[in-house]
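This is the structure I want to talk about, given as structure tokens.
We just call them A, B, C, D, E and F in the order they show up, numbering each chain from 1.
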Amino acid sequence: MEINTGDTAWVLASAALVLFMTPGLALFYGGMVRSKSVLNMMMMSFIALGTISVSWVLWGYSEAFGESWNGLIGNPFQHFGLDGLLGERVFGTIPAAAFVAFQSVFAIIAVALVSGAIADRAKFTAWTVFTVVWATIVYFPVAHWVFAFDGFAADKGGWIANQLKAIDFAGGTAIHINAGAAGLALAFVLGKRVGFGKDPMRPHNLTLVMIGAGILWFGWFGFNAGSALGANGTAAVAWVNTLAATGAAMLGWLVVEKSRDGHPTSLGAASGVVAGLVAITPACSALTPVGSVVLGVVAGAACAYAVGLKFRFGFDDSLDVVGVHLVGGLIGTIGVGFLGSASAPAGVDGLFYGGGVDQLWRQVVGALAVLVFSFVVTYVIGTVIQRTIGFRLETEAEVAGIDLEEHAETSYDINGLASGRFGTGSGAAVPTAATKTHEGASA
Amino acid sequence: MEINTGDTAWVLASAALVLFMTPGLALFYGGMVRSKSVLNMMMMSFIALGTISVSWVLWGYSEAFGESWNGLIGNPFQHFGLDGLLGERVFGTIPAAAFVAFQSVFAIIAVALVSGAIADRAKFTAWTVFTVVWATIVYFPVAHWVFAFDGFAADKGGWIANQLKAIDFAGGTAIHINAGAAGLALAFVLGKRVGFGKDPMRPHNLTLVMIGAGILWFGWFGFNAGSALGANGTAAVAWVNTLAATGAAMLGWLVVEKSRDGHPTSLGAASGVVAGLVAITPACSALTPVGSVVLGVVAGAACAYAVGLKFRFGFDDSLDVVGVHLVGGLIGTIGVGFLGSASAPAGVDGLFYGGGVDQLWRQVVGALAVLVFSFVVTYVIGTVIQRTIGFRLETEAEVAGIDLEEHAETSYDINGLASGRFGTGSGAAVPTAATKTHEGASA
Amino acid sequence: MEINTGDTAWVLASAALVLFMTPGLALFYGGMVRSKSVLNMMMMSFIALGTISVSWVLWGYSEAFGESWNGLIGNPFQHFGLDGLLGERVFGTIPAAAFVAFQSVFAIIAVALVSGAIADRAKFTAWTVFTVVWATIVYFPVAHWVFAFDGFAADKGGWIANQLKAIDFAGGTAIHINAGAAGLALAFVLGKRVGFGKDPMRPHNLTLVMIGAGILWFGWFGFNAGSALGANGTAAVAWVNTLAATGAAMLGWLVVEKSRDGHPTSLGAASGVVAGLVAITPACSALTPVGSVVLGVVAGAACAYAVGLKFRFGFDDSLDVVGVHLVGGLIGTIGVGFLGSASAPAGVDGLFYGGGVDQLWRQVVGALAVLVFSFVVTYVIGTVIQRTIGFRLETEAEVAGIDLEEHAETSYDINGLASGRFGTGSGAAVPTAATKTHEGASA
Amino acid sequence: MKLVTAIIKPHQLDEVKEALEAYGISGMTVSEASGYGRQRGHSEVYRGAEYTVDFVPKVRVEVLVDDIDAGSVADVILKSAQTGRIGDGKIWTVPVEDVVRVRTGERGVDAL
Amino acid sequence: MKLVTAIIKPHQLDEVKEALEAYGISGMTVSEASGYGRQRGHSEVYRGAEYTVDFVPKVRVEVLVDDIDAGSVADVILKSAQTGRIGDGKIWTVPVEDVVRVRTGERGVDAL
Amino acid sequence: MKLVTAIIKPHQLDEVKEALEAYGISGMTVSEASGYGRQRGHSEVYRGAEYTVDFVPKVRVEVLVDDIDAGSVADVILKSAQTGRIGDGKIWTVPVEDVVRVRTGERGVDAL
């Protein structure tokens, strides 16, 4: 079959947009922690760009989109190293490699999202190991369930897409519920930060948070509208719904803040944006724009309340992966069962549009299946890592600051007055001991 | 009619690019104010992303592109909630929803631009109300005048596009003159900041300004080249002209600075970039690349002088919406009348290319019509808001810092030494009073 | 010939992505210097956006892609001012102007890259002059050698592309080796910074570095996959290889750091990303994804060592243009000769895939030719500038900070307590002397 | 000699500086500080969680003066720093045994 | 009157503040400082080049007190700032000749 | 005991620190300051509007010393901080009544 260049152009552009979301997430998360842990926070996202890129190319793609084993997992050996996907192979209307590209960045950000739950206290090596293990055991299979449609990249695909037929256009279950449930599990495994609920841990740089939110929104158009895998009417509707729901969610969050706390905040606006984006992710092909506005307002307002759950129940989901991604993902996924409209591209009426509960129960089952699977398996993975190489940082290092401990770096040196001495270190390609002579000093 | 996937891909990508400009503007503006008001400055842009997204979906699109009432305004009820635009409907060569998407982000940034004139001193709620009212009464109608071509989205469109036939490819009048005139009106309504012309109000973070300028330039390729509504030769020429004029404008601004003040500055470079982008916006389909260089140099140099007008005339257009957007928009719009070349896609010769004054007077009339309409109506809207709910912040709150007053947030906590106590607040989903016990403390 | 809208859409989007890389580079570089020189560092990139945009439109494009003079240089007068490229002219499947657009941003970033070698100590006016001279004498000709294929934009193109037939898909030689060699030459011409190898010169803002690295990676998909000049299978494979090699290079760099210095750093992650992007640039159409992973690991690890060379040999390549771009560019360009696989779009087997040394020697010759040419000519240009208008800043100004000296600006004013007095300055469009009365003061 | 130290509101710094200049004081050292006292801090709210910041920004001004000037300098600062609202700050005076100008090595009153 | 100055670890600030409040001290001035002493700094590595930072972050707490309180205030700070690990800091006391409250012009003990 | 305070140019800090170390001083406290004096500030220009910054960055170094060391310590700082150009700063000495090491509670000279 011939490729369609317009569809290909849009998918390649979308893939780049989604890649950009992970650095965006690094900034969004990084701005929210204290200045002594911003680099580690950003590194947890960046390392996923490294480990998951490589895993994806080697076995991840094949595990997600290779020939299905009972709808549960793809054959990881079939396309090992992307074997057989470089040439003239076409999926739908685009080159196979374009589909590989597009799906790769979903895997990366799904992993990076989880890190928000364990800010400031995870050993970096342990987290690095976790990214690979979690992707392999949790994400790639779940992506298979949700994104592998029969007859597209392989004859047989995953059970949620093909048997259950839950609608999840761009990954409300596979990405957000999945990452949210995993974050919750890790928050339990690692325990609370020193001083959680007592010390003030306010965001150290809200301009970073806003940059991150801006990049996320921008990239999310690739995430959602790109999931049409072509430049067509479905993509355009997904685009518009992504705008409408997100704007509405920002308003929803801010109205809650204004009425409850007295002030609409910039962190609230950024958080509302993300909540709206999460909620519309599964639903963007299934709702009308007005339905999207409704979904957005509900998601924004609900998540604004949900972020308080961690204080009530005492788990330290530091940057609210649960409150925003799990809750937002549930609202969006289940919301399709209520707000779906046959006039939207997905063509399915939800409960409120006279479609009964047929689609609703599918959505609920899909959402819960991913939630439970992810939570349980992640809890096991996290526990094994904690019991073997250790996951949680030592208390003293955590208090002194994880950036110094794990990365030997300081995030900012704005005034430039900090004194210090220079050693050529080992970077000089000469033995370290010899170079630590610190041959002079003046700040 | 069939959609063209290549055109659709480009329009969807362009729409995302233009969406990204508003967070970019937030950073550009945010870096220029003092650190005590950066969050409010960014929030004035972000809230437009919320309110205008929703307004656009509900009635804004229809008001701008619904069936025309005498060339002055579209029928706001025809496509209320984007009714009738989701299906197979095609405008030109793209899905109707793609056009809706592309135009939505123009509305958002037009509103956000205005905020630069009233930095540091506007009540956030009043600004929020203003965004909706101004979009409804000023922007949507003007967009109709300029962007609604007969027979594209509706049979009859706006008077500037179809009767006057002024050339405004991407919105020099509808966006920049419009926002600039509105900014001027609001600067009068709100009055000067405390200490204007006396206190130093230097930019608190020029790296933010540069990030913002970079994002704006990047996004502006969607703005200008995307306005071709297809991936064609016109788009490509618009792209090249957008580069040429902008680079030239940066040089123009810096040369003025170097010769007048002794130093070319980074704020000058960023400002020159924006001035060039503004000026080439209406003109990018009508000029040759050499013509674009000329327009850019003129715009950069002229705006470098124009930003000083506020000190001479004593109005506090804090971030130079007048000096850059109004002046740059006028130069670009009227410049088409001089520099237009029939060899460019628009195919019209200006005065300098032997075309006489025919196009020139059309450009002048279009520019002035928007300027006067926007200034007058905005002045009225601003005054009504000031007299009813109040627009201007209390002096004491302004001096203490609008971020704390309006958003209860602090932008940066870089050194992390700030002491403070934690209260679970109302986010804990339990009554506020009970949780303000501040159950412990250690920084 | 008809244009293909999908190909055009992708090339226009790619061009915008590559444009975005230069502001990204400004941040990447800017974050690495001390806070007293961040603005100058960013300005060295920004000014290239100005000067090279204009030079490109006037004579640069024609010099690079006009009719060839012996494969060495294009005719600079043929398309002066882009004459003859606006209309219906088509190159391959895209409008001529789209090709002009795409190649313009390569020229800009090539120039900007060089600045990393001479951080903190170059007179800004001299650098501005250098950008134009270097582009004209070095970059445009080298771009002709490498990127001008016979029969595409002109009948006859450059010698590396057409006679030597070295594979350099997106500019490993023309951009990275070229800029790296030029940086080395300038580092010699300007000499070391005051305190080099003694004073601590740690990065003042690593979050900026990470933002920059994120933008670079994002934009690089346009750079590499866009170089297919169409939305096709080659572009898709280039995209996937760009992901795989970059992720692998980050891991390679971090593993070296972890084993050598004890800590994987965020600066290392960002640097590894760039090293990987550089290395895969020439190779992205010629390798399999597995080959790309191998190339990436090698490049990341090798560059992690190569950045230490400057201390050993005592040249102050401040931000490691040599260690990352020259070394990375050599690894990628020559790596094609080893790792090239006939199953990739370029269809050439390298030494490791049984292709013998045929392609290898071509790669080596191409790489060395550019390296030597660039180094020698740049050294001459730099020396002439130094001997005439002076290139190196005065010592005292360098120590006090180049931002204040050259741009009269301060990068950050975060706490806002800095006292100061306001003068309307010359911006008020009234004579400076009269306005320096400082009519009052209170911070 | 004496060292007169004043903790004042940041906004009053320029007025204090000008008043001191007018009085004939040509040098001073200024630094940032945070104050705790009758003047209350403020609350911030992030994702619904409330933080109370107890300290308010202040500026410290230090002036080395001759013994006979100490009282008047304190008065000059007092007048120029006063806004009458809570949190205006404190001024205190400490005896100094020796002062040296680093550039010249001059000592005592000559070093001021 | 006396000025009691303490250089302490940043983390102890809230405890010191609360202890002083409990003792009845209602005002103090705090600022950032960097300390050099037995407590070592740390090393950082950027692109393989090592930097040694010798100074460690500290907080300076200053309290103006009546003569008779000086000793007890120093003791209160001592107890609340102590962690027993190297780098806990110093407390010193300096005689003060005069204190003024800027807001009211009150002097001496009334100004505290 | 005495407290020797020096306001110096930021660039001289490392030299001062090394000179003090060489002399045998093992502890000190450093903080940022802004100075006003003979040394002029600078002008900045933003969109044509000029701002004059009057204060120049300085560093404050404080050393607690035994009475007999006070003079020599001031001299050591004097020599190491001197560049001979305007703005080199001041050194002054203040009497201290009591010093405590927080970690151990040691007092007086033992606490240094």
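The rule is short, and it goes like this: a contact is a pair of C-beta atoms (placed from the backbone, for glycine too) under 8 Å apart; a residue touches a chain by one contact, two chains touch by 3 or more.
Each chain and its UniProt protein: D, E, F = Nitrogen regulatory protein P-II.
Since the model is a prediction, treat every value here as computed from it, not as a measurement.
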| item | value |
| --- | --- |
| Graph separation of chain A and chain D (steps between touching chains) | 1 |
| Duplicate of the C-F contact set - from A-D, C-E or B-D, the pair where over half of the pairs recur | B-D |
| Approximate Å spacing (C-alpha centroids) for the pair chain A, chain F | 50 |
| Geometric centre distance via CA averages, chain C-chain B, whole Å | 31 |
| Centroid distance [mean C-alpha coordinates] between chain E and chain A, Å | 44 |
| Chain B residues counted as touching two or more neighbouring chains | 4-7, 9-10, 13, 200, 202-203, 205, 211, 215, 231, 260-263, 265, 267, 305, 307-308, 311, 408-410, 412, 414-415, 418-422, 424-428, 441-443 |
| Residue numbers of chain D (touch at least two other chains) | 11, 17, 30-32, 34, 44-55, 94-95 |
| Chain D contact footprint on chain F (complex, rising order) | 2, 6-8, 31-38, 54-55, 58, 60, 70-71, 74, 77-78, 81-95 |
| Chain C-touching residues of chain B, taken from the complex the two chains share | 4-7, 9-10, 13, 17, 34-36, 195, 197-207, 210-211, 213-215, 217-218, 221-222, 225, 230-233, 235-237, 239-240, 243-244, 246-248, 250-251, 254, 258, 260-267, 269-270, 272-273, 288-290, 292-293, 305, 307-309, 311-312, 343-345, 412, 414 |
| Residues of chain C defined as touching chain E within the complex | 200, 202-203, 257, 260-263, 265, 267-268, 271, 304-305, 307-308, 311, 320, 323 |
| Touch list for chain D against partner chain A, complex | 44-53 |
| Touching residues (chain side chain B, partner chain D) in the complex | 399, 404, 408-410, 418-428, 435-436, 438 |
